[in-house]
Amino acid sequence: MAKRLIPLFNRVLVEKIVPPSKTNAGILLPEQSSKLNSGKVVAVGPGFHGKDGKIVPVAVKEGDTVLLPEYGGTEVKLNEKEYYLYRDDDILGTLND
Amino acid sequence: MAKRLIPLFNRVLVEKIVPPSKTNAGILLPEQSSKLNSGKVVAVGPGFHGKDGKIVPVAVKEGDTVLLPEYGGTEVKLNEKEYYLYRDDDILGTLND
Amino acid sequence: MAKRLIPLFNRVLVEKIVPPSKTNAGILLPEQSSKLNSGKVVAVGPGFHGKDGKIVPVAVKEGDTVLLPEYGGTEVKLNEKEYYLYRDDDILGTLND
Amino acid sequence: MAKRLIPLFNRVLVEKIVPPSKTNAGILLPEQSSKLNSGKVVAVGPGFHGKDGKIVPVAVKEGDTVLLPEYGGTEVKLNEKEYYLYRDDDILGTLND
Amino acid sequence: MAKRLIPLFNRVLVEKIVPPSKTNAGILLPEQSSKLNSGKVVAVGPGFHGKDGKIVPVAVKEGDTVLLPEYGGTEVKLNEKEYYLYRDDDILGTLND
Amino acid sequence: MAKRLIPLFNRVLVEKIVPPSKTNAGILLPEQSSKLNSGKVVAVGPGFHGKDGKIVPVAVKEGDTVLLPEYGGTEVKLNEKEYYLYRDDDILGTLND
Amino acid sequence: MAKRLIPLFNRVLVEKIVPPSKTNAGILLPEQSSKLNSGKVVAVGPGFHGKDGKIVPVAVKEGDTVLLPEYGGTEVKLNEKEYYLYRDDDILGTLND
């Protein structure tokens, strides 16, 4: 039975995007193209209580492609897959096509 | 006579879930399946006073299965059993089936 | 003449409970049963001024049995007896039968 | 001409109580009775501006007997006598008979 | 397909301005003229929630030429070009002609 | 032309009082009488913006004799005389006759 | 084309005043007269958002002569001249004749 993790507060569950090291045609990509540390948002927490007593919602949403910091994040293994938990303010931005 | 601990503020009393190292059929599970550090919430505090003077309730509730951080938590021995106390904002998320 | 200490702010005066190392019948208890670090609340402060200007009352009351952190607390000798002062947010919880 | 010090903010001027090392009858008191670190409040500041813009008054008043922390306090020599200045939140409690 | 990064919170995406080390006529510029560490703002985040619950907008806007601190900033490679992410309060000022 | 310094925020400009090491009659004073570290307030800043947006005025005023902390303060030489700048909350109290 | 820097938030652009080491008549000034670390305010930022959501304006204005701290400030070279950026709360005071 698959387990589903619902993050607490402003935490965000991310599945890292492993960049292809070869193109479909089998050509090896140069190293620099694998430098972008990005991931897919799998689940987000409900936000946290701000100083004015109201909930501050999480700044990203499920399905967003996000740019991740080089360090940080908590590794979580769920249903035999690796995920990472970040506070939303550690996530650098969203990537759009 | 069994003692019951009611945590203070946003503390959460957790009983860690010890993952089975064998299946019911006696097959040894691979090491990776025991990596998920989870627990059952046994008791929660009443929350704490936010900056606006209102109580911020605890983010998890009794009976929740929670994902715990790798480090931290205060070990408490109660009625010959081991429990752990966490601040609710140290708990990473809730696990649902 | 006995002196009475009224703690300031959110401080709590606690008399530690020394666990019996033998039962009444004289049977030596195993070491683990003496691990619970608990105490009786003897006096509490009036609370402190919260950020909204209102008093935040102390989270425990006289007579409560409390679970204490392993470290911390200020030793106070009063009328030839040892007591400990804690901030209420250092106290882990209350113990109820 | 004697100088009078009016503390600023939440500071408290304290004259430490030197415990008698002998009773009036000349009997030497055991060492433990001199452990209580207490003092008489000589002057208090006007309090400080809280986050809501109102004055938070000092928690002790002139004439109070207070329990002092083992460390801290600023020594002040005034009119050939030694006093100590404390922030009121460093004072542990008031001692009443 | 080109990727577009939308920074989160008060982050600012900057493309550093590389000072020409030669003039168009091929004359080598003295070293001091390359000391100004400036960049072009490419994208800005939506701002962050202030303590009063309202959004504090980012202090610079797309197209601004900004003076950057000597250290700090997170390098990001996007569509084969190097960019830098800064919190807006780390940016020293805007440069105008 | 003499320069006048107007301190910023809650800063206070103080001229230290050098205790006479001899009385007028030429009698050498014992060392302890020179221990009181005091000064005359020469100028005060306008105060600073409190968290509620209102100005918190400086706690001392021009002409006050103040008790200074043993360490701290910024030395300033103005019109060939030495002064010291303190934040008002570093000043211990005012001295009155 | 001359560049103009507009500081961000509560930053202040200062041109340091280099004290003359000789008088106009060519007499060498004693070393102490060069100790005053002062500057001319060239540009100020718009201020920053206070905790109550309102802008707190910068405490000095263009043209002010200011007393600078001995350490700190960020050196900026602009149009072949050296300037320094300070947060307004690092500036000690204003100097008036």
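First chain written, first letter: the chains are A, B, C, D, E, F and G, and each begins at residue 1.
Going forward, a residue touches a chain if its C-beta (ideal position, glycine included) is under 8 Å from a C-beta of that chain, and two chains touch if they have at least 3 such contacts.
Keep in mind it's a predicted model, so treat the numbers as computed, not measured.
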| item | value |
| --- | --- |
| Distance in touch steps, counted as few as possible, from subunit D out to subunit G | 2 |
| Inter-chain centre distance, subunit A versus subunit C - centres from mean C-alpha coordinates, in Å | 44 |
| Subunit C-subunit E separation of Cα centroids, rounded to whole Å | 55 |
| Distance between the centres, which are taken as Cα means, of subunit G and subunit F, whole angstrom | 24 |
| Interface hub residues of subunit C, defined as touching at least two other chains | 51-52 |
| Successive chains along the ring, subunit A then subunit B then the rest | A, B, C, D, F, G, E |
| Subunit A contact footprint on subunit B (complex, rising order) | 32-33, 35-36, 50-52, 54, 56, 59-60, 67, 69-70, 88-89, 91-97 |
| Of all residues in subunit E, those that touch subunit A in their complex | 1-9, 11, 13, 43, 45, 48-49, 51-53, 74, 76-78, 80, 85 |
